[in-house]
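First the structure, in the form of structure tokens, and then the observations on it.
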Amino acid sequence: MIQDYLILSIILFCLGILGVITRRNVFTVFMSIELMLNAANLAFIAFSRLHESMDGHVLAMMIMAVAAAEAALALAVVILLHKHKGKLDTNVFSLLRG
Amino acid sequence: MFEYALSVMIFLPILAGLALVLFPLRGQVARTVGLIVSIVILFMGIEMFIGFTGTSGMEYVQNTPWIESLGINYALGVDGISLLVLMAAAILYPLVFFVFDTRTKGFYGNLLIAQGAMIGAICATDMVLFYVFWEIMLLPIFFMIGLYGGANRLAATLKITIYTIAGSLLMLAALVYVGVSYHQQFGKWTFDIVQLSALDLGGGYAVLAFIMFMIAFAIKTPLFPFHTWLPDAYTEAPTSATFVLSAIMAKIGVYGIIRFVVPVFEIEFARFAMLLSLAGVVGMIYCGIAAISQKDMKRLMAFSSASHMGIIALGVFCMNVQALTGTLFQIAAHATSTGVLFLFVGLLEQRMKSREIGDLGGIAYRAPIFATFFAIAMLASVGLPGTNGFIGEFLIILGALKFSPFIAVLAGTTLIIGVCYMLWMFQRVFFEKTNEKTAEFQDLTAKEMLSFLPVILLILAMGIFPQAFIKKIEPAASQQVAKLFAMSQAQVADTAVPVSDQNNHKN
Amino acid sequence: MQDFVSLLPLIVVGAGAILLMLLAAFEKLEVETGALISMVFYGAAFFIQLVVGGGPQDVIFDKIFNGMLATSNFSMAAGLVIFGCGFFTSMSCHSYFGVNKFCTLDFYAIKMFSVCGMVLLTMAQELVTAFIALEIMSLGIYILVGYDRTRLTATEAILKYLMLGAFAGAFFTMGAALIYGGAGSTKFVAISQFIAANPAGQPLLIGGAFFIFIAIFFKIAAFPFHAWVVDVYDGASAPVTGFMATALKAAVFALFANFIALSSGFHGQWIDFLFWVAVLTMFGGNLVAIGQSNIKRMLAASGIVHSGYLLIALVAINAEQFTGSVIGYYLAAYAVGTLGMFAAMSYLGGSGEKRVNFDDFKGLAKVRPYSAAAITVFLLSMAGIPPTAGFMGKFYIITSAISAGQMALAVLGVVSSILSMWYYLRLVISMYFHDASESFETQGAPLATISTFVLVVFVFAIGLYPIVI
Amino acid sequence: MEHTANYIGLIPLLPLVGAVVIGLMHMFTCTGKAFSEKLYGALACVGPVLSFFLALVVFFHLRDLPVDQRHLTHNVFTWFAVGDLKVDMAFLVDPLSGLYLLFVTFIGSLIHIYSIGYMAGDENFGKFFCYLNLFLGSMLILVLGSGPVVMFVGWEGVGLCSYLLISFFATDTENVLAGNKAFIVNRIGDLGFVLGMSVLFWAIGSGGFDYLSLKANTHLLTPGVGIAVCLLLFIGACGKSAQIPLYVWLPDAMAGPTPVSALIHAATMVTAGVYMVARFSFMYAHFTTAGTIVAWVGILTALLSAIYGMFQSDIKKILAYSTVSQLGYMFAGVGVAAYSAGIFHVFTHAFFKALLFLGAGSVIYALHHQQDVWQMGGLKNKMPRTYMTMLIGALALAGFPPFSGFFSKDEILFMALANGHTGIWLIGVLVAAMTAYYTFRLIFLVFHGTPRNQEAYDHAHEAPAVMTVPLIVLAAGAALAGVLNLPALFGGNMVVSTWLEPSLTEHHPHMSHGVEILAMLASVVAVVIGITIAYKKFGQGAEEPEFTGFAKLGYHKFYVDEIYNAVFVQPFKGIGSVISRFLEPNVTDSFVKFATWIYRKAGTSFKALQVGYVRVYALYMVIGLSLMSLFLSQSIN
């Protein structure tokens, strides 16, 4: 029973990873990261159900909050990038190398 | 009054040197300061030598805790083993300031720092303290070669620095290992060599630690085949730096072996002795032969110095009192002769603007005093009886024969090889016809003569009345040899036990 | 009450941050004064920390917020290091922004917030708390990295850092979730009890711990999670880089140590794993560093190597009675050296950081001998040459490693520090053994210079009188 | 008379002090205005003469002692003492060293006096006498040393002096090369000496490392060790006394001023080896195998160098080879345990060889440094005194009775025969013939016949008194010294042998006088044959012949020098240049270079990994992550 939830969250997580390493659009990447975080949240919820304690829920809430903050910053960065180059392709931003 | 003498001898030069480096002074002022300091040290050294009783224990001891948690102390002391090395470091220094006056304050500062650090390394009886000074020693050399060196000094600097630091970092790991195994065997932390010598490490990681120690010292000495930094460094370095390197610093490598490796690693030492002595002898022959075909006088001297270091190191590995005493004596003897020779080469270069043997000739007629002094130093370095070079070499060869006739025969060839390159060089530089370059060669000025004279006399005195020196160092040497034998005999029987101990410790 | 006391430094800094934000409303207030104000607060926090942590006992307050935070001597020490870093960074910022004018008061406020996060991180005894602290810290740092909005490289740096940081953060959360699933709690105490109860490696626990390690490895730029660090350090402005390199590393390692020291069984499980990570990190870092021609990048890479040394210390810690003294000392030693380097860089760098390459510093010793000497001292300290702090740090680490029977690791560490001599010496050589091509004129306030020389003193002071925590 | 022993220390000290004084004077003045030669000469002669008289005092004191306690030791100070090894700077005078002492100081003084004349006008007058004094001092240390180590001091000292004196005219490279050659070859011998000493010490040295204690402990030696010691020491002797294979330096050593050749390279220094073997007679007598080897090496050297001598054209070279050959005799003597005979030959040889050299010197002096015998001739009218003295010397050298050489040489040959070394005896007789031949070849070519170089002949003149007086003194010695050791056959009682008895370990075999007479006749006949052949060929003057075949080989000394050069010297230098040009930069250093190269390459490749694409960095993370998880799945369960 718990396994299904876990499997789902793992799948989501892996999708997130895939997204991060394959996609070049900044937005998509950040969304993939959100996906990973939510996978984690899912796992938390499921486990808290398993342990019959409310801690999991609380933790999930916390993580969401943090994720939101991160997202806000991410958006700011996105705007900044767009102001600089006018496109959101991560490959464009590779001055720092070597 | 004299109990803090060692600390003074260490920190007076270092502080003075730092002052010279940091504060804006004129070169001449700096030189005067350096001169005064080095003379003070000289007299303290002589005083110390006279006061030294030589009853095979540490004297002028000084011991204050530094880092209690690891039992590291600020521990200084002199015994028969370190006495002559200390003398070499303390006595020869004023020469440099007397003879050369063309350098900047930074140079003199570095010289002084080097002296302080070397004296520190020699007197330290705590392994960590020794290591600290050992590393500090390198920095002034690094700057002296890099800043004031010859044409392609950068390569030389990098080479010597990386080499030496590589060695010393390995040593760091090794000495920590020693401390830890003492902690595991006796349940308390200490890096004091006197207590550490209670250890008898062998097998397992001890081999590794031993090898790391030996690499460090082999690089500094240098032992074949770790000598490759030497010719470049000695040749590129300004004369005074070469003097410091060859006359004193190299000796500290050998000294380190005697002081820190032998007492702790009796078993491994006994096991590797043959290999090590081969390294020494082969190095002696190799560098000696290499010296024969050098065109550059300084480079020739560099190789000859390396060659002699091989024989000096050999004395340690033969593990008998004659050889060990020979080494300890030869350390000082070689310091005087080689040091003076390098300074003379420096003088030649200063006067002739060239070190090429081919450019010189017939100087003996222009400068009889210079030639005589040079000849005496040279004969000392080829080990002619009556000079101090003979006593050491003879004792070492004698001891080597006890250790292994084969080694002894190889070692004996030093008598021949040394003469070959030295005579050849002497012929080309001092004999034969003068050329327009050497025609107006200036003989030693009165000042120079007076500053060299003491050392020349010392060379002869040490050759004619060596007993005065030997009777101070011999007890310590015999004691160490006795201990070495006791240990290695006892251990060789049951080497298996410590090995298994080691393995237990590490899990 | 004790909660309050132990959090007092944190509160002080936080208050200072808020105060600055409010002050930011006044236009007439100079940015420089912001620096000074923040310095005051850091100093205050530092001393409070010192007073509070002065106690002899090992764990001072272990039950703050019913076990979510705990302060031990180790965390105190880490806190001290962090405050110190904040202080000196402010000093160098003061001069740096005198030349590069893109700073506002908020900069210092944000910096102080991230310091809060760091200090919280050192005390965290619970995974999600740790995560939050981590994020507070990171968000602040992200902003500081990208603070110069006009510079593309800065923007790129923040992009990379943010993206990968969030990526790693996701791993952290996942790890926390798995551990929660396994142990039924995210408190370290509970986890250790659980492990003690059933020592057989529980797959959820292992997986979770592994994920958390991933995140931490990212933050400390362990190999192969190091790739970002070089670029980000390069993109960020010099003082910020120094701040990241020191304070952030201290905080994260504090967390790492607290976490790995849960219980000896747990630590024992991961020794081999950490062994290899440490080795890879040291050598990978060296190989990255050797190729660099930009000093900031080189220092970033050398930071990787130092993380490797710290990992050695982690391998060698004794989880039964964990004091973290070695790690604490090494963090302090490393921090002093690195801060000094970046302080020097931030006043020598000039406007727009025009001097960042090895060649830009050629002949510095001829023109500014004292600065060159200071830089040399810092480099030697990083290289671990006595009698500097770096040497004692290295000495402690080797000692601990060998006492823990990790001879091989100690030797490898030594070898890697031999390799690292290379690029440290390279800078010394280009400073001393070449002739000056320019006059290294610097304008702006002298605070950075002062801090540089103060730090030089510290390097020797800590080296010669190692305060073993 | 006990305090007499305390003079012993002075004997070597005086010349050394003289050397130092003169040396300093010369060193400080030679570039400016030098002191007068008279002053130098006076100073130079003080030391030797004084020590000669001291030697006399000591000698007679020694003679007054009862036979069994004829040894005086004077321990000046402890030189060095390490563990069991205790070396005293102590001097020992016993019959052997006493005798040596006498004639070293005596001949030494003579040479000093002679040199005043010979070196007149040389700008390095002072330096020369400094070296000469130094040499005498070292030689005396060598002789008086109470143990091998002290002997080694003198041993090396004389080596140094011969180097300095050979390369005295240092402006031309030839001389310096000759000097180097001498020093290096001597060093090769010294290596043997040092090793021999070391072996000896570890074997029996712990009971005291001076001759007397060693003699007492000889019985403790195992044969192997003993023979090893003997041979190693003999290598040293070969170096110093120019025996096969180390004889090559001596002929070149004639590059030095003639008095040097006379004093050092004929009379005293080169006999040091013989003296050393005699000193260690207690060992060579104990281990007869070693003795035999010594004897054979000696006699073969005698033969070889005699062959060389027959074809040389440089007057000094001829004498040089005759020296080598005579040294061969001496070694043959000490080898066959005829130590006293060997020493006696040293003694007589010192006289007649010094005489011959000095005579040659005055001839060369007269002909303005012309040394080629083929440029001389008929000089006996021009310089009669030189002629007469040299004739005596030649007869002595040839071993013509009743001149001194005859007795000593014959004693050696007889002992060889008596101790059953018939082969050595035969060769010895043969060599005697050859010696007679080349000696008189020299005499005839130089003094008889017609002048070959007329204008040189015209300028020739008798040498000044200061040079001829020593000649006459020496001639007297050469003629009469034989009487000192008159064999019982002629009613003599072998003064020297009996005198030397206490300090040598030898036994006199008893053979019928018949055999002795026969042997004697044989050698006399050989000598006569030699002389007649020489007269036939050169008596009435002959022109320089074209050497062919064997003669050519002989003239070129069988190309031994060239062979040595090709086999030892050149390869040595070759290796040297190989090391410094190739090995050092490319091989020994290569490992380090290679390592650094690898390091840098790896660095650049890692640099390339920093592509700057954030996705790729994430990819690295994921790769690392998956590898780590693999590792974990391996390590845990």
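In order of appearance the chains are A, B, C and D, and numbering begins at 1 in each one.
Heads up, the rule we're going with is that a residue touches a chain if its C-beta (ideal position, glycine included) is under 8 Å from a C-beta of that chain, and two chains touch if they have at least 3 such contacts.
Listed by chain with UniProt protein names: A = NADH-quinone oxidoreductase subunit K; B = NADH dehydrogenase subunit M; C = NADH-quinone oxidoreductase subunit N; D = NADH dehydrogenase subunit L.
All values derive from a computational prediction rather than experimental measurement.
A.B. asks: Would you mind checking the shortest number of contact hops between subunit A and subunit B?
C.D. replies: When the steps are counted carefully, the minimum from subunit A to subunit B is 2.
A.B. asks: Which chains are in contact with both subunit A and subunit C?
C.D. replies: Under the touch definition, subunit A and subunit C have D as mutual neighbours.
A.B. asks: If you tally the C-beta contacts for A-D and for B-C, which one comes out higher?
C.D. replies: Counting C-beta pairs in contact for A-D and B-C gives the edge to B-C.
A.B. asks: Can you name the chain whose C-alpha mean lies closest to the mean of all the C-alpha atoms?
C.D. replies: Closest to the centre of all protein C-alpha atoms: chain B.
A.B. asks: Taking each chain's centre as the mean position of its Cα atoms, how many Å separate subunit A from subunit D?
C.D. replies: Taking the mean C-alpha position of each chain, the two centres sit 97 Å apart.
A.B. asks: Based only on mean CA positions, could you tell me how far subunit B sits from subunit C in angstrom?
C.D. replies: So the centre of subunit B lies 42 Å away from the centre of subunit C.
A.B. asks: Centroid from C-alpha atoms only, then distance subunit B to subunit D, rounded to Å. What do you get?
C.D. replies: 37
A.B. asks: Quick one: subunit C and subunit D, Cα centre-to-centre, how many Å?
C.D. replies: Taking the mean C-alpha position of each chain, the two centres sit 78 Å apart.
A.B. asks: Could you say which residues in subunit A touch two or more other chains, in rising order?
C.D. replies: Correct list: 20, 29, 90, 93-98.
A.B. asks: In subunit C, which residues are in touch with two or more of the other chains?
C.D. replies: 159-160, 163, 167, 230-231, 291, 422
A.B. asks: Mind pulling the residue numbers of subunit B that touch at least two other chains?
C.D. replies: Subunit B, residues with two or more chain partners: not present.
A.B. asks: Return all touching chain pairs.
C.D. replies: Contacting pairs: A-C, A-D, B-C, B-D, C-D.
A.B. asks: Which part of subunit D faces subunit C closely enough to touch in the complex?
C.D. replies: For this pair, the touching residues of subunit D are 599-600, 602-607, 609-610, 612, 614, 616-618, 620-621, 623-625, 628-629, 631-632, 635-637.
A.B. asks: Using the touch definition from the top, list the residues of subunit C that touch subunit A in their complex.
C.D. replies: 128, 131-132, 135, 139, 142-143, 146, 149, 152-153, 155-160, 162-163, 166-167, 169-171, 173-174, 176-178, 180-181, 184-186, 230-232, 234-235, 291
A.B. asks: Along subunit A, where are the residues that touch subunit D in the complex?
C.D. replies: 17, 20-24, 29, 90-91, 93-98
A.B. asks: Taking the complex as given, what residues does subunit B use to touch subunit C?
C.D. replies: Residues of subunit B touching subunit C: 22, 67, 69-70, 128, 131-132, 135-136, 139, 143, 146-147, 153-154, 157-158, 161-162, 165-166, 169-170, 172-173, 176-177, 179-180, 183-184, 205, 208, 212, 505-507.
A.B. asks: Please name which positions on subunit D make contact with subunit B in the complex.
C.D. replies: 23, 26-28, 30-31, 77-83, 85, 149, 152-153, 155-157, 160, 163, 167, 170-173, 176-177, 179-180, 183-184, 187-188, 190-191, 194-195, 197-199, 201-202, 572-573, 575-577, 579-581, 583-584, 588-589, 592
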